[in-house]
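Same chain, two partners: chain A is paired with chain B first, then with chain C.
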Partner chain A sequence: MATHALQVSDAEYQEVRSHRLLGFLFFLISDSILFCSFIFSYLYDRSASPMWPPAGVERPGLYLAAVNSIVLFGSGVTMHLAMEAWRHANRTRFTQYIIATIVLGIGFLSGQAYEYTHLHDTWWGSVFGASFFTLTGMHGFHVFIGVCFLITVLLQARNGVYDQNRYFGLTAATLYWHFVDVIWVALFFLFYVY
Partner chain B sequence: MDATLLLKIIAGAGALVVGYFAVKALYEEWPKTALEDQVTKIMMALLTLGCVIVLTVAFGIAGKV
Partner chain C sequence: MSSAISELQQEASHAHIHPPPQGFIAKYVISFDHKVIAVQYFITAGLFFVLAGLLAELLRAQLTQPHNTLLSAQTFDEAYSIHGTAMVWLVIIPVLTGGFGNLAMPLMIGARDVAFPWLNMFSFWLFPPAGILVFLSFLYGAPRAGWTEYPPVSMETTGTALWCAGVFLIGVSSTITGINFMVTIIKMRAPGMTWTRMPLFVWATLVTAFLSAIATANLSAALAGLFNQKVFGVPFYDPAHGGSAVLWQHVFWFYSHPAVYIMILPAFGIISEILPTFVRRPIFGYKAIAYSSVAIGLVSFMVWAHHMFTSGLAQWVQLPFMILTMAVAIPTGIKIFSWVATLWRGKIRLSTPLLFTLGFLACFTFGGVTGVMLASVPADIHEHATYFVVAHLHYVLFGGSVFGIFAGLYYWWPKMTGRLLDERLGKWHFWTMFLAFNATFLPMHWLGLLGMQRRVSYYDSQFHSSDLLSFVAGTNLFVSISAFVLGASMLIFAYNALRSAKAGKVAGPNPWGARTLEWMTSSPPPYYNFAEIPIVLSGPYDYGKPLPYANISQDLATEPVA
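Here is the complex of A and B:
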């Protein structure tokens, strides 16, 4: 597949790349709409309820979530640095930063798993629990997919699939990871701060 | 040390460090004009906002326990 990609001229590659990028951005937009629909559903439930969270429902731990958020936001920065290292042809730094991103992503998922196992509420226990587990679970699934995406991209980069001018997979992985980060900003604010 | 205080310190210090790098990345991305760079600018700005939110939580200004 890599050999086939190299047979395409630079002009052709750029044209195909711009289409792929646009397609990927449309995918991210559609994914944001999916999250937005669940977020608005949560806000509707919240506004319809006389008190929030409903009586007898415990809020999830704020400070653990804050630390977990910083782990995820930190991974966004390391992913950006990995992309910049690739653009500057620094392969060692690229590998280091992308591994750091994967480790931080796994750290975030571990923190979320810890939070899930220590919460007293359940998915079916209350409206708050249903919204919380649906939205954060859906986000966690996206992070898991992102970690798999990054591992694939790292292996592809090591196997020479990308070169200095043709690295759309890396760009897509970076945009996806930033998207996952940004969705968490909204979820952290909604469930822990607001 | 109290666990809550420790978590607050880690979150606050982490938010400062990550926020600094996010702003730096945003500053470096600013002159670039490609489509993915424009998206990255938006993402980095929102990441910075996330760090500010965590910072306010760490300082006890925002957040419900």
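Here is the complex of A and C:
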């Protein structure tokens, strides 16, 4: 039931937009509870364990993760710049920044794939590995969804689905991307630093 | 005043009417209309209610004798596990949120539909597959660890994977509905309907929607963990690999305790609507009832570990959970007293909806009192694994939620179908159900106190004195017979419901003389609910004063007393 933005009156669009924005915010809250629940589980197991990571399990490498974090936070910056470009009606810049964000997102996923395949053979079958793969995997899945979301937004922008004042899909994609960034801060701290 | 009305008029004129859907599928199957979706929820949940009820009758048939061989121990375990799962997730939660929430809430706030009709449709269509998955687990060896599925026992059965998938789907459905309802209530109330002019059922639905949207995501996480452990061997809850079985109890109950309030708050809302209508008095303590719902919703996140007093929590953890759990009785007590005060010196009409409401008040209060008993750690440790807990939870969920559901069904049936249910059959239904319910579950309290364990199919070896055993066996036989009568009482309702389609009295827009907005349109309401969006000028319960609405067509804006 996607309402084509250009077919409805301004008042009606604003009303529908406010519903969708609120609904999307509730969705993000609900989604963050999903992460919180697994983070709680991780901390619970960790506090119950005499040593952490458990015996025979090596700590994940900080180096790759740090590079990957910079890639992801960089994508947050380009996303913000894309939004600014849109607000200033600079479509070329907007397209460039969105593409940059997509590329950085894919870069992050590639880094994660490399980490998964190369590093931690000892993790399978331990609760440390279970938490690590579940949380970072779930986050990676969110990044993947975010990339798909951005590609959709880019195509929709090019097909004229949005106009200068009506761009809820773009707003939602931005919120989602920053949300995924913030989740990563927590995960990075939990698994690589703490 | 008139300039205020014209301002609200302007606000109301924004909404326009969409054309109604054409064709059978668009009207009744893939429907976006909240009223049709409500009926879909009722019918689907009704089927699961029959299945889960038959499982309960099987359990009672097994327990008629101390050492019955009707069911194997394994089948018995499967039956009570699926009975509990189905009643909680496939009956009570969908009926109270998807059913009544969809049926009444948009009408009560004067909206044309919910905020996201497509999501509402989607949310419903997750529900039948969820139920089918849960019941399919019987083919592969159903879960045997009760509706709570504690590992490691839940890891022993293949059906656990299907169970997880089914409950996960219903959880997603519940989350989506929660978000949808919150946006609807926050954003789409009729012009002039301020927060304190909202009907109390809408307040209850708002808090329930909040709990569904927030807590259910946590259930999804817990289930994903359990599913992964069962299917892929990821050791979240396996102590042999550094996991913890108690962790499952924490994450499960962090959802499932709020879920207890998801199952009762809408019932509170339903009876808050019925009471003033049938005693012709303003509800006593409107704000007290509304805000105590919010208080219950918030406290519900801080009491989950009272389900875990026997799982080895440290004593300093148990104490705050015990105190907070007992504190839930305060907002709940405020509600009970407000309802009783509403009855005081009212012009009481003992119609069926009010009878079920009074039944609710009696049974739920009783269940609440035993709840405070169980909140006390020493008492809980003694009674945790006994029939006392079974009795308590059925007084709350059957005596509370299910009585509330039937009260709501009798009350809103004319709005839903356009025809009234028969009053005489309704009274027969109430009295058989009320008496059989108490005869079934009241004796379970003393069975539990005598030490009869729940979830056990034989009890002959447990009671060594033959006097005691014959007393327990006799009581169990009585309980089982009452349970069969309780099941049979549902047939009266089924007959009444089917009969009303042909022989039911035509209801008219407002058969009970109620004052909330859903009665200010025809029965059943048209696709667009209201020809014009109504304007609300004051609260909904001022019996004896003129109706507080503008923009309502004059032939509907009456307040007759049936």
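Methods note: the second predicted complex is superposed on the first by the 186 of 194 C-alpha atoms of A that agree within 3 Å, B and C clash if a C-alpha of one lies under 4 Å from a C-alpha of the other, contacts with A are read in each partner's own complex, and residues count from 1 in each chain.
Basically, a contact is a pair of C-beta atoms (placed from the backbone, for glycine too) under 8 Å apart; a residue touches a chain by one contact, two chains touch by 3 or more.
Predicted model, so just to flag it, every value in this text is computed and none were measured.
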Touched partner set for A:G125, first chain B, second chain C, both or neither: second
Touching partner for A:F141 - first (chain B), second (chain C), both, neither: neither
Partner chain(s) touched by A:L175 [first = chain B, second = chain C, both, neither]: first
Which superposed partner A:Y114 touches (first chain B, second chain C, both, neither): neither
Touched partner set for A:D31, first chain B, second chain C, both or neither: second
Which of chain B and chain C A:E12 touches, first, second, both or neither: second
Partner chain(s) touched by A:Y63 [first = chain B, second = chain C, both, neither]: first
Touched partner set for A:S49, first chain B, second chain C, both or neither: second
Touching both chain B and chain C, residues of chain A: 18, 22
Partner chain A, residues of chain C touching it in the complex: 14, 32, 115-118, 175, 178-180, 182-183, 186-188, 213-218, 220-222, 224-225, 228, 233-236, 238, 241-244, 247, 250-251, 254
Parts of chain A lying in touch with chain B, wherever the complex brings them together: 18, 21-22, 25, 59, 62-64, 66-67, 69-71, 73-74, 76-77, 80-81, 84, 171, 174-175, 178-179, 181-182, 184-185, 188-189, 192-193
Chain A contact footprint on chain B (complex, rising order): 4, 7-8, 10-11, 14-15, 17-18, 21-22, 25, 28, 35-36, 39-40, 43-44, 46-47, 49-51, 53-54, 56-58, 62-65
Sites on chain A touched by chain C in the complex: 1, 11-12, 15, 18-19, 22-23, 26-27, 29-31, 33-34, 36-38, 40-41, 44-45, 48-49, 54, 125-128, 130-131, 133-134
